[in-house]
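Chains here go by letter, A, B, C, D, E and F, matching the order in which they are written, and residues are numbered from 1 within each.
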Amino acid sequence: MARPDDRAPDQLRPVRIQRGWLDHAEGSVLIEFGGTRVLCAASVQDSVPRWRRDSGLGWVTAEYAMLPRATNTRNERESVKGRPGGRTQEISRLIGRSIRACVDYKALGENTVQLDCDVLQADGGTRTAAITGAYIALADAVAWMRGRGMTKGEPLITSVAAVSVGVIDGEARLDLCYEEDVVAQTDMNVVCTGDGRFVEVQGTAEGRPFDRAELDALLDLAAGGCAELTVLQQEALGR
Amino acid sequence: MARPDDRAPDQLRPVRIQRGWLDHAEGSVLIEFGGTRVLCAASVQDSVPRWRRDSGLGWVTAEYAMLPRATNTRNERESVKGRPGGRTQEISRLIGRSIRACVDYKALGENTVQLDCDVLQADGGTRTAAITGAYIALADAVAWMRGRGMTKGEPLITSVAAVSVGVIDGEARLDLCYEEDVVAQTDMNVVCTGDGRFVEVQGTAEGRPFDRAELDALLDLAAGGCAELTVLQQEALGR
Amino acid sequence: MARPDDRAPDQLRPVRIQRGWLDHAEGSVLIEFGGTRVLCAASVQDSVPRWRRDSGLGWVTAEYAMLPRATNTRNERESVKGRPGGRTQEISRLIGRSIRACVDYKALGENTVQLDCDVLQADGGTRTAAITGAYIALADAVAWMRGRGMTKGEPLITSVAAVSVGVIDGEARLDLCYEEDVVAQTDMNVVCTGDGRFVEVQGTAEGRPFDRAELDALLDLAAGGCAELTVLQQEALGR
Amino acid sequence: MARPDDRAPDQLRPVRIQRGWLDHAEGSVLIEFGGTRVLCAASVQDSVPRWRRDSGLGWVTAEYAMLPRATNTRNERESVKGRPGGRTQEISRLIGRSIRACVDYKALGENTVQLDCDVLQADGGTRTAAITGAYIALADAVAWMRGRGMTKGEPLITSVAAVSVGVIDGEARLDLCYEEDVVAQTDMNVVCTGDGRFVEVQGTAEGRPFDRAELDALLDLAAGGCAELTVLQQEALGR
Amino acid sequence: MARPDDRAPDQLRPVRIQRGWLDHAEGSVLIEFGGTRVLCAASVQDSVPRWRRDSGLGWVTAEYAMLPRATNTRNERESVKGRPGGRTQEISRLIGRSIRACVDYKALGENTVQLDCDVLQADGGTRTAAITGAYIALADAVAWMRGRGMTKGEPLITSVAAVSVGVIDGEARLDLCYEEDVVAQTDMNVVCTGDGRFVEVQGTAEGRPFDRAELDALLDLAAGGCAELTVLQQEALGR
Amino acid sequence: MARPDDRAPDQLRPVRIQRGWLDHAEGSVLIEFGGTRVLCAASVQDSVPRWRRDSGLGWVTAEYAMLPRATNTRNERESVKGRPGGRTQEISRLIGRSIRACVDYKALGENTVQLDCDVLQADGGTRTAAITGAYIALADAVAWMRGRGMTKGEPLITSVAAVSVGVIDGEARLDLCYEEDVVAQTDMNVVCTGDGRFVEVQGTAEGRPFDRAELDALLDLAAGGCAELTVLQQEALGR
């Protein structure tokens, strides 16, 4: 069965990266994975959370959210509901952990970079687009800090990119769109560093449990996708 | 004293209107008043709130919000604070009231249009850009409804546009940017219909109380600005 | 068509002002505009909010609320709902802004006056009665501070009073009662200083948009009403 | 040691009862126990909570709250804090339980009476004044219902009144004012029916545990106080 | 009519006390009154709340809660509801007040003991089992503090125990189980010190008001029950 | 380097399973993985959530929570904070997804099983102990339902067990205790079915990114641990 957009199983959707989309943020990028559109903003603060003070170390944290009409049908705002939902918090925590894997806190100095990933439009893979874009926003914010002498050495040890993979009709596929996401038997999000190691592996049997062979196939596919995204990140950053 | 962007006192900032910015929403527009950028989405629902049921009448409502890094410095998310702030609610109510002035509820049928105005970047006048853009998103949603036979006659009696005016160094100015907004002695937001009548007039003495002459000058300026925006709305809608 | 209480269109309802209604508050007044009854209390604190510290400047703020059975039918308590509603916050902000227009922060010293306006009974015009009463409570609190040497010169530059006006059956009327308020085509709240200048002008088309002539008539009526209320405030304060 | 207001140990403070203080409520009373001033409003609804439907039985419930400046120093509003405090809820529950002791739910029909007790000024004994006043508001609301044929027989089996007692310097005293309340070693609130039986007895050792003899003395004193309040309630109700 | 478990009217349910049920807490006990099972944990902190600082005095506080399936039918979690319910807060306050009656704050030093009473299974009398168990957890925590030289003399002036009593079919009964609790006409919780004085007496007419004779009978019964529990506490503590 | 409790790298901690720990719940188990102690309760309801009605399908959901003193130092209650934390919600969602992998909704009929996993004491691996215990509670609840004719065929397709694995000093270890958990470079939670397939794989680089070889070693170790736990579950269930 062909994919909805006729991609090969191991093919990413078109990726579009617009750096500097915001005038005020120290780093910002509008990243698109096909129809998924995430605005990532990096905000620099010359202080750290209370529990981190006088440690000489910096901090990086992230928040994820979705505009109410990012999806097919409107969702109520979480500010109106009175709290961020479980899914929102889970993804915020995932983005934070993933991005922190590329940071040298000592080189960052006692500064905080807050990453805001707001999904303007959702078509599957919002969390992986958010991570991939957040790294670029962070890189720009770090460059901004370097220009102001706020860093001590290189705060970015490596880069980080993420992609989703899944099994549909027994076929392992890369970078699922929404239509594929809802029918996948197994769904996995993988975060890799620029040198191809794993930061996060989150696999879930949506339909039926998966065996080791399927798991291995998905990991291979994801590693390849992350490597491609790493190249696109480097190009966007003009390296 | 010249304006920060060298505009004449009665000159609007460049207005940019991109219709259909979202794939899923029944109506959507990305509207820019200079550096202010608001994404307006209209969501149609074929039902009305409980208090409105079996009345044969429709409903239109609005919510306004700002992304955390829309501004110079980052603001905490209202979902994290646990409630929309007073300013947010006040502006949401203003947009709803303003937009409802152009709606014939009977012609709308027992349907609801929810308008979401999310400020992606803020540089003064976010609420007036939101109102001006929300009207266009609503017009597109109404066209969508008409195509599905959901309306009974013409639900839009008129159009609605809004602009801010203020007094700076004794001079009445149209469409304040952020830099002007913070130093204005008097700040006024005016919402007008397409035929030049008033829907809302909200004037506030920020610095010192204002007299009737100043009030009159501001009202003249605002009426002119709204008339210009009405033309831009009609052009964007291809009329 | 006659008014429900047979008043002339430009006639205020009977105003009753009882100073010192509370034993503990530094200033307090029970103010009545006809059936509308608002208890205004001024609380003095010899400190200022964090963002104001070491500025040498004082602060004045306000909160508005309504008892659950102030109205015809009972409203749920906002403490039980878990947050102040949008209308409550909007009016609290309006009262605060209005009252601050008469304050010299330097003369107030680094002290805060908190104004609490609690509506015991509502019959239209609660926000304007609250502003008119809050000024008196503030004046008494300032006198109390002066007696303790907490002020530096005169903290009250002017006085502030407020009134509602509206158009009903094409007629501009002063100080609407609830019965009139619900049928008004246009509804406006105006806040003036003792010398007749404007602090706030908030006009809303409830039924149909209004033109400049109607707006002018309403502004004239409101200015007259505020002037009368200013006289009553001065009398109540024994000046 | 004399009492702050020179009362005898078994003497109530002056009690003032103003019925019909509100125009809209089906029953209302402003009750004063010395400086304590509580506005009690009874709201009738011709329905019952979901869990009570189709039972043929009515319901009575109560909410207690305090205005922010009822006390010597200002308290933050519970709506702003986001929830009613523990003390508030505890007293609301006490008032509800106490008042329900005098109600025949069958005779009330499937109607609800909601009692709102708002403390305008606090000088000790606010909960006992609230219960004593709430009974009168309820009696007026029941009369209102009777006039509309909403009741089936007599919904009020008895009356209910409440008073505080306490031990100060070894002396048992009736109806403590705030100054006494804060120094009492033992503090007790007692709710009695009109025929002298107990509905609630809540005794707390504030300073040191109390023995049976002290407990007995306090119960005697409270029973006498409640009997006096019952007479005042009947007089106020014109019986 | 016999009791559900054939006890005599003045007989406690089997009491089981397991000290040291938790590995980390400074004091902990799993206490059972028949089918009621409460886990009490005492946590020591070498600081006091802000309002208590630099007073040389310690503090003791308590929180009560129930697991969702402690009861016959599942209750929603209070964390999910967004706030502790009124009953929960009322009981937390009762436990705190009761336990504080046996504490010498000076001897405790500027330390806080937080008591957590979590009901794992409920079969009536959860608050009295919680108080009785919390005293033991506190005693163990105080011993732990003494071993670290944190105390100045003996922080425990006395012991505290609690029991419920009630009138069922005209008979006064000790230590009601759930089945009895729901049918009791009068329900009373009594907290006593080890030397037999009263700390709290909370009697409520559930069905019909009670007279002085009934009250006296219940107090006698409760005092006896607390005396028995005091013996069991001392045995458990190996005294 | 030896493990804190001298276990072999591939050795589970002592597992203790007490079925029927609660009298009221349709299924309940107190499960211990070493010092970790989780009370799992299954509550049966003969209805399904609104979105599931009239589908002929059942539902299974889970909530996870921790008592405040389950850990070394006390944590504030989430009911007091006003919302379940991100970690709590994330684990609740994980347990729900994991357990649902063994359920045939059709055979369950239109009934809901709610699983409550409350951590009484935490020493690492609380979420995996919760999943392993929740399956047993569910099995007992399903047996209870079968006895009442509520099921249609066999609702449990398979069993589910979970274990944590991690890399410490380069060594892959099974079932980490808290002391190991905090120093692990990589931390992974794996959920398997009784027949050895994967339901969830969640690996996180805590210290440094991990390569494919490490990932493979951890997956092998986890699969073995889950197989052992499956045997223990079957024994506990008397199969």
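Criterion: a contact is a pair of C-beta atoms (placed from the backbone, for glycine too) under 8 Å apart; a residue touches a chain by one contact, two chains touch by 3 or more.
Here's who's who by UniProt: A, B, C, D, E, F = Ribonuclease PH.
Note that this is a predicted model, so its numbers are computed, not measured.
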{"item": "Contacts common to chain C (Ribonuclease PH) and chain D (Ribonuclease PH) (chain labels)", "value": "none"}
{"item": "Separation of chain C (Ribonuclease PH) from chain E (Ribonuclease PH), taking each centre as the mean of its C-alpha atoms, in whole Å", "value": "51"}
{"item": "For chain E (Ribonuclease PH) paired with chain F (Ribonuclease PH), centre-to-centre distance based on mean C-alpha positions, whole Å", "value": "33"}
{"item": "Centre-of-Cα separation between chain F (Ribonuclease PH) and chain A (Ribonuclease PH), whole angstrom", "value": "28"}
{"item": "Residue numbers of chain F (Ribonuclease PH) (touch at least two other chains)", "value": "82-84"}
{"item": "Traversal of the chain ring from chain E (Ribonuclease PH) via chain F (Ribonuclease PH)", "value": "E, F, A, B, C, D"}
{"item": "Partner chain B (Ribonuclease PH), residues of chain C (Ribonuclease PH) touching it in the complex", "value": "83-87, 89-90, 92-93, 97, 101, 158, 188, 192-193, 196-205, 209-212, 215, 219, 223"}
{"item": "Chain F (Ribonuclease PH)-touching residues of chain E (Ribonuclease PH), taken from the complex the two chains share", "value": "22-25, 28, 35, 39, 41, 43, 45, 63, 65, 67-74, 77-84, 88, 114, 116, 118, 120-121, 123"}
